Amino acid sequence: MKRIAVLTTGGDAPGMNPAIRSVVRYGINQKLEVMGVFRGWWGLINEELKILNQRSVSGIIGQGGTVLKTARCSEFRTEEGQKRAYETVKKNNIDGLVAIGGNGSFSAAHEFYKKYNVPCVGIAASIDNDINGIDYTIGTDTAINTALDAIDKIRDTATSMERIFVVEVMGRESGFIALTVALAGGCEDVIIPEKELDLKAVCHDIVHGNLIGKMSWIIVLAEGAGKADDLARQITDMTGLETRTVVLGHVQRGGRPTAFSRDMALNLGKAAVDCLLAGKTDIALGMNAGRIVEVNFEVAIRKKELKVDNFYNLIKVLT
Amino acid sequence: MKRIAVLTTGGDAPGMNPAIRSVVRYGINQKLEVMGVFRGWWGLINEELKILNQRSVSGIIGQGGTVLKTARCSEFRTEEGQKRAYETVKKNNIDGLVAIGGNGSFSAAHEFYKKYNVPCVGIAASIDNDINGIDYTIGTDTAINTALDAIDKIRDTATSMERIFVVEVMGRESGFIALTVALAGGCEDVIIPEKELDLKAVCHDIVHGNLIGKMSWIIVLAEGAGKADDLARQITDMTGLETRTVVLGHVQRGGRPTAFSRDMALNLGKAAVDCLLAGKTDIALGMNAGRIVEVNFEVAIRKKELKVDNFYNLIKVLT
Amino acid sequence: MKRIAVLTTGGDAPGMNPAIRSVVRYGINQKLEVMGVFRGWWGLINEELKILNQRSVSGIIGQGGTVLKTARCSEFRTEEGQKRAYETVKKNNIDGLVAIGGNGSFSAAHEFYKKYNVPCVGIAASIDNDINGIDYTIGTDTAINTALDAIDKIRDTATSMERIFVVEVMGRESGFIALTVALAGGCEDVIIPEKELDLKAVCHDIVHGNLIGKMSWIIVLAEGAGKADDLARQITDMTGLETRTVVLGHVQRGGRPTAFSRDMALNLGKAAVDCLLAGKTDIALGMNAGRIVEVNFEVAIRKKELKVDNFYNLIKVLT
Amino acid sequence: MKRIAVLTTGGDAPGMNPAIRSVVRYGINQKLEVMGVFRGWWGLINEELKILNQRSVSGIIGQGGTVLKTARCSEFRTEEGQKRAYETVKKNNIDGLVAIGGNGSFSAAHEFYKKYNVPCVGIAASIDNDINGIDYTIGTDTAINTALDAIDKIRDTATSMERIFVVEVMGRESGFIALTVALAGGCEDVIIPEKELDLKAVCHDIVHGNLIGKMSWIIVLAEGAGKADDLARQITDMTGLETRTVVLGHVQRGGRPTAFSRDMALNLGKAAVDCLLAGKTDIALGMNAGRIVEVNFEVAIRKKELKVDNFYNLIKVLT
């Protein structure tokens, strides 16, 4: 193995940059040439890539986003797209790929590997923390702290004006961010895709709180479980109380990665290079309990089970 | 003058707490008794108030929101409401009021003063910075930095995924926050109530940028100038390019006040007590050019003119 | 078990407040009375304690420090001190103790338990992350992010002025904070108590970097491995290059706890109450790999081994 | 005027990067060529400079430090140095200079202008806010908020452990930062170069506070008024109470510029180009009361008077 390529694909996550830095610098340290592919699989299809050196990744360790840019690329799911990507691989003498991304990326990488046998190691990066077999993905910790910071601010005004807020956080299929920040923010309720909404119970708690003098309320809603405006309207209809909504949205994607997101990214970048050198492929890397774990792509892309009850019960008991 | 009361009214703004602290501690230092009224004018109408001491305001200097809580109170615009408020004033031997709030509060205070002759000094606190005759209000600097921090984060993902964002910030009647953060965030365009939207020009710039390789774009929209979703849809219709929206909303109201918001609040709190002691009334206090300024309530509540052209032109030139 | 008491002892750590909140609210939920003891063991000796209710812990979830205050208390290591503490326990009908703190606290708790048989469960809170058998303690994640934020800022000026910095971080006996932030901050070197300083190697790297154009340099020093000023002087003597120092100090103790520190604290608070109810005692609780772990006090207070080599090597390879 | 050069000199300040961005982009907009000089006057002497374009300053608006790097350069105060700098100016056809820096830079620029008649406009950038005739310099607001953030964190531990802290902030000749953060942080005392230290009064207040139950104390010390360790020792000697010290140091130089620092920098960058185009020279630009002000270099470098009494008295009254 003489030359590898690194790319970031799917939704960006804070920590992708330190992961790139680690792949590049550790790769060079291991006598590899490292190419950077721009805009994920699209860049492989369109041969947008270049050799990176030590300096190419200077100063990016603390930056959000990804200097290689990223994209969602449906073309890579087509035969034609995969063929062109493979041509780029051959033409540029790329012996292995490091794909930093989430489920969609790993699924595509798996198909590509099966067909063209190009060694590929994934690094789990996704703010949603939704990759099966992996406790924590790059970016999750940062996104959670960003959302928590926003919720702390909303708490200030919720308390001062005694208002009910529905705050929508990211998580299309996973309530992980919602549960984590609802607990950490001392929020009064949380609605997630993994648990059916019991609107009556939500409203009962609000009205009961109101009667005993608890006038402010923050309900965290995972985007996969509904729209903030809809839920707010339902609550107002049922309780007769005013509600306000906040949709945190893409703010959660950006920002300087936390220490945890960075250290994980740096460790996984090195590990991905080690795996390629050891002949491993078709696997995603993540952290479980502070240790690096290798999960077959096929397993990683399965639906991740989230144990919601402990979280949920603790949230309800502590408010 | 032996006893004064302090209250926070209207929308909360970061810095109200240090203002309260200053009124209370400086008032006590000046041998006054200081009462805190809860929930703004509502608390005066409903006699929800209590004596505050030095310790009552310990540890609040860095907290967002207001420990006295606040509310919008239409009842205080009625004869009956004003009468009940006056009864509270008399019954509790309150010789003067400090009202920390914005335009609506000052307008109400002015009416109340005209009718019942209770000395009242206002402290300009409003994240919108929309009080006439006053350069900067308590809370504006904090809100702007909160919005800027969000825009910096959105920039990370906008650049990484090469997307067009419409980011809606606060400012129902004023484009001040929008202009300030658009400039500071290096944003590509800004839409404000003070300037008619030229949708064609906005879209032309985007398409032109696209052609010369500028793929990411952040347009800041003041809430008073439209809805983010509407604008985004119009842009997509006209340009054929995908757009994303973020509505920052109430996050901008909260958070630890900045040094600027705190120091201003502490200075104005003292000044308000000094004004009452000097027999001044029916005025709002704010900062102009680092100096405390007194503005008659009647003047303060007029529409504030904002010089938008310098800002706007600089934003367009620098992107 | 009808009544328990909670206290915070030793150096404060961000996250102690959410831990208190959890003990109190979950305790009440479990039909217990919960007393708060002020200033750690000192408060037990001097009978400074009071009944806490739901409201006593409102609004503290996001606050640094500890509302119960804390202290180091050598008197509790004496027979007389322990006797008086026990009298407080008896007099107030306290059936169990939750001690939130670090090694010193657990050592004291263990002695007290052995002598007076008062059930006691510890919650591992210490920014140094130095408790044996426990991967992560409350406060560590916050302290690390605070230190990293400072190092990012120092990087700005180090790069702009091309200077060599020695930055001293906390860690009297453990290099954990130093290693973590040195990695996450992209720092050029790290000096820790666990590894003998090779001054020549440090200086060689600096001079070599200098020759190939790398002019700025940040060396992280754990306080347990020396003084920043001393190291800086030695480096200047050996290399002839100017150096600057920063001692981050107590800033690292404060600040709003991160999501990770809060969620851990809330989980451990509940777990501590559950342990007392289940008749467990003489143990410290912490998190390993996302799961709550119980460690005998006797084990917890032993010297914790830190695997430094992976960290250290990665830091050196990546700069 | 066809070509100008921009440089940053002296100590770096957050906001230098947006100032560079503005000079470059507005200069190009005005049909000028803009060169960037590296490492301040040193780069002019050693001909380290290059043409900058729009893209050269992409993405730097929110970054601390300066991408042009900066240095203190005693050689530029010599005849030989100035001569060589002038040769660079001639050889590169530079028609005007924009020098972003502080007092030392302006003093050097003034001498250079007098001797060689190269038009030069300064932009006031200095965290110390010590430039005469100018209310606020670029970087001050950011440095103050950084120091305040640290003090808020120290407050957490000071309150929890009931300790006395001496916190040393920047300000070699000016107490501006110290006064501002002491007020905003609710600190109990402040020691500045402009006011003689009355150690007995400081200690009296501490002991008196101690007697009435106020156990924690933060004293802010401007570096120009003494060393934290010395002051702490003196306090301990006189009061018999333990003290702790924190020296914030270079952390205050770095970090993302605040909205205020950025907007000021962007406005001043444009104004500097306008001044050069209008034939103005030998002046420094800053902001007074929200308006751009031009101050002759000779005036700007005089000792700035700071009105300390209002600040100081307010600090003492409010604690």
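For reference, chains read A, B, C and D in written order, and residue numbers begin at 1 within each chain.
Just so we're on the same page, a residue touches a chain if its C-beta (ideal position, glycine included) is under 8 Å from a C-beta of that chain, and two chains touch if they have at least 3 such contacts.
Computed from a predicted model, the values in this text were never measured in an experiment.
Asks: When the C-alpha atoms of chain B and chain C are each averaged to a single point, how far apart are the two points in Å?
Replies: Comparing mean C-alpha positions, chain C is 39 Å from chain B.
Asks: Distance from the CA centroid of chain B to that of chain D, rounded to the nearest Å?
Replies: 29
Asks: So which bits of chain A are touching at least two other chains?
Replies: In chain A, the residues touching two or more other chains are 152, 155, 159.
Asks: Taking the touch definition from the header, please name the shape of the chain graph: line, ring, star, complete or other.
Replies: Topology of touching chains reads as a ring, each chain with two neighbours.
Asks: Please list, in label order, each pair of chains that touches.
Replies: So, checking each combination of chains, I get A-B, A-C, B-D, C-D as the touching pairs.
Asks: Note which residues of chain B are touching chain A in the complex, please.
Replies: 8, 11-12, 14, 16, 39, 63-66, 69-71, 146, 150, 152-162, 165, 244-255
Asks: How about chain C: which of its residues touch chain A in the complex?
Replies: 18, 21-22, 25-26, 29, 59, 61-62, 135, 141, 144-145, 148, 152, 155, 159, 180-181, 183-186, 256, 258-260, 262-263, 266-267, 270, 288-290, 310, 314, 317-318
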